[in-house]
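Here it is: the structure, laid out below.
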């Protein structure tokens, strides 16, 4: 373990990585939509060997009292034991909760979903949008993969019909109103260098990470620092610039 | 343990059992009803030293959306630590859940309860029938004892009065509409032989078991295979025949 | 530990205590109200180094079916790990539940809160009074400190305004109707002697304890015996007399 | 204590006099997988108790060096009351679990079994007031049935005050009418009190009178408990005696 | 078994004949962190299974001295059904977890790995009837993919009876129309039954006929399962062969 | 950074200038059973923190061979907010528990205590925006109060942007008005950032400016934190000095 730590650090210091990528290079990304028949929207995203499925389900529910005419977004992540020998069955742990909340904030703060259009009857009935993240293979950088899969699934989601009493999931009336594409990019600090799309091995040795979610216009809509070490302001400036650039590249895949 | 395993196997091979019963013979069965004052229906069933109490409670609730004019059956089993040193307090374990679900399916699939008669106001109010199984002494074959106690309790259950607002448990308006008597018979495979009503010791050495619930007309309404080994088709054919025969005998006790 | 046990016992036998108090003497009591800005009522009580905060929150909810025109009292205690290295995060344990229930009974049985005045619309809407006990420093006698803080907080609680639809916590319409001051006094039996306001060390060696909650008129409204030993009738008589006397003293501080 | 005359004048919904307890049934050894067990009924309230142990306690860090850990669980069956009880522990049942344990422990020689555990499970099969006292009465017989050395049995009963009259063993709607509900457990040989709780509004003098009345009422329970143990063990003892002789 | 003629007359909502199963996809080795894995689809029902182990079991008191503990978890993803499934175990999923384990264990040489654990996780990605049988089909391939010694693969399918016709591999609304739903798992080499459940109302003769029909239908599943394992391992085996040669 | 002029022009609901933080109270050693503790108030937001350890970690399999495990728990008291908070962890509190831990750990010499645990509990007594930063400020003083070796204290504050103006230490309704909410924690000696989160919609340039502003605002918090530790320990140190002298 310590040997591998040093190895990754030494490589990074030379601008190199174990899998021969450049420091600012993602592993190959594959985005596939419409993968789950019964979900209103769905996507499978692979970043290298990391693989995530997101399903979007819609239902009718009551709005929050402080937002009586807006649809509700609920984001949830399960770290199924199939994805990693370290995941255990049971209630979601801290990491899964953080993942879901970071993805949620990216969608929410970018106002990607036009929640005002999801109101059926003020104070009484609105559409609830459930974004469920399911990890299939965990080889690092779950946040970016999940955020990508989430927005890809939302972009393809169809609205089921509602007759005022029950939802008919077999008929659809148009698409879920989604107007932009927030993209999360997570950067890790390894030694003094910054890498994007850390692999599982890199995540284990990184000092800290920053996830920056950018919008179509390049603005930042969510930030989340993680890891047990600190970042300098210079680190953060480089990371923000990188997230904008990488965000633009990834947005093209959606 | 291994000694006892072999002993039971050797006996079974000769058509014998530790307690001198025949392979297709139940331990003595005692059915007693009306044993719990505050339950709408109740029964205590003993099969040998195995002892089970079932209480039936009624309440008014909302129907399931897909069955808006039918009463609701809820079956629950608690394996109280009083019944066995191996039972622990806490949420019901797999065995208790399976037991409750097998008993539930026997009642449900035989349509023993006329749920259509339990509708008070369509989509809004129906009677909820709670069947609660409480094990007192666990000496094997809990499923058959519980299923017997459940149908016996249902057969004697009275309908409390309901004035549109609250249930008056002190007055009754007739009996719960129950129209048939499903009987569960569980058969165990020990070595190459099939026994009914396995004792606790026999359960510990059996390869597999099959529970078949039969109706008054001899039809099967529920099956459940258990145990870590397999059954041949011939095993299953013998077991089905046996369940019909034993079901008929037991039905007379109800 | 055993040394300290004997030491406390020997002292008590001579009518003495480790901290030089008399057997029937409380540690210094400090009661402070209005300590939590967002609570409708609040109090901090110190008894020696023991320190407790109680916050009272009000909300509108539905009454219990058997008391359709009365407000609802809900008392809860959290033993935060900040108060003692022995408290652990997680659901409240037996001690916290007992504490909350003893405090609750003192308030409820003394009819301190005029719950009939908390009805907004019979069967539909009443005020819910939440009394939340939070322990800051545990140096013994949590029950008396919590009960004092609870009634002190209730006595200062203000009613938020309610417009029939939602609660406006920024405006108030008078005070919570509280008409008397129940006081809990807990007495411990150490050896053959009875002490009030046991310290943590004394609680660890006491044989049994009795909490008696008295009302302004000297009547008892709640009793709770605790501890793994027994009390004689004479113990109980002395304790009851003591609780009345000490209750009167403490009531003056509220 | 109410005079005989006083109590004569007042009869209750179920025809009892104020100082009367409901019909009692006690049976020891009713459960066959436990080390000791008992069923205790007081009118339509029925508790059943099972005792396991003394047995080694795991995990080890819970062991007490100089005595056994007495563990109790009180629980209501879902069908025991008019409104179905949701399975699983409630705040009420967790409090009762604690006070019942503290009512039983003074009677048990826990110091004889350092590091061990003695587990007592009490299930309420029927509830018509007085379930915690029924649980204690059942558990105390079950402990004795398990052969665990005890200072005494523990007997428990609840007493109230209705229309100024002290009323023993409240049942049914009496619980709503009473000015106080005071469950008491005692060890009859010494009269020492092991459980004492109270909800209500009465004078301290009333409390003392009520405890005395409860102690008196426990006499009958005590006899019935001992009889149940005799019924359970005498035939076995005799059989052994005869076998020897 | 329905005659060819009989089954010809009746076609189903999705155009299948009564004895036809839906299109099958099986792939082994789809998950990269597990010791073995497989994906199994039957029409729009998809299960994915991961196997970990055999590995040492902790805590030790759960170890079985003479065999491995086979542990299973069956769970539905929230988006797998028309109405979203709340995450976390339900009573239904806990029962299926148990019967699925008992359907797999007869095929596994658990006695080869005393004190160890073999963990099988099955997630339902899409649910359109037959999720427990899909889970078994996936898990059985995943166990083999993990290199765990097995007596045979386990194949499973559900059979029903609609309008008097035995109907294999119920899908979609057929589940509502059927007189019975009878999921069966078998080990094809011997035809032994490892899972058998039933909801419905049929004669004992029908039960036997349906099991026979299920056994027949499992043939195709078995071939597909074996092919998936060949596709996964043959290239590797060849590569090794060539490296040696 | 806003110019002095700019900030003069704009005053806030509570009369503060944009770069002003609310009145601060810091006290160390407020809890008597913990190894270290502190109370931190920022206006009407109050956090209290307790530190236990370093102490041996059980169970052993959680021990980290080369450093202490830093464990944190952030929780809101039920009465801390306008609408009562249900007791127990929420998803929000679990996320904050994690980010707060990661904000504190960079400042602690965890490598000095291999296999040990250091436990930090933070309770929010009053909540009026900025509870996670208040928790960090309290916890950092509590860690120092416990005598745990640290690289530096950690100071935290949230900054927003209202009507185009950068606004430090959002309070009350400002949280609703802001275009973004950006809580930052730093170690003042080096200026390194240990917590950074953001909700909102701003340019990357704005992010950098806001972090700089937060760093500046932390200066006052840092002074107050150090003063609290001096107030707590100087008298004791003096007393010891005198005792020696």
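To keep things simple, chains are lettered A, B, C, D, E and F as they appear, and every chain counts its residues starting from 1.
Heads up, the rule we're going with is that a contact is a pair of C-beta atoms (placed from the backbone, for glycine too) under 8 Å apart; a residue touches a chain by one contact, two chains touch by 3 or more.
This is a predicted model, so every value here is computed, not measured.
Where touching is counted per the definition, chain B and chain D have no chain in common. Relative to chain D, the most remote chain by averaged C-alpha coordinates is A.
With chains reduced to the mean position of their C-alpha atoms, the one farthest from chain C is E. In terms of residue-numbered contacts, B-D and C-F present the same interface, as over half of their contact pairs agree; the other options in A-F, C-D or C-F do not. Work out the mean CA point of chain A and of chain D, and you get 59 Å between them.
Taking each chain's centre as the mean of its C-alpha atoms, chain A lies 32 Å from chain E. Here the spacing of chain B and chain E, counted between their Cα centres, is 28 Å. For chain C, the set of residues touching two or more other chains is empty. Remark: ring traversal beginning at chain C, heading first to chain D, gives the chain order C, D, B, E, A, F. On the side of chain A, the complex with chain E involves touching residues 36-39, 42, 49, 53, 55-57, 59, 76, 78, 80-85, 89, 91-92, 130, 132, 134, 136-139, 169. Remark: chain D residues 31-34, 37, 44, 48-50, 52, 73, 75, 77-84, 87-88, 119, 121, 123, 125-128 touch chain B in the complex.
For chain D in complex with chain C, the touching residues are 91-92, 94-95, 97-99, 102, 105-106, 182, 187, 190-204, 207-208, 211-212, 215.
Those residues of chain A that touch chain F in the shared complex are 94-95, 97-98, 100-101, 105, 108-111, 208, 210, 215, 218-233, 236-237, 240-241, 243-244.
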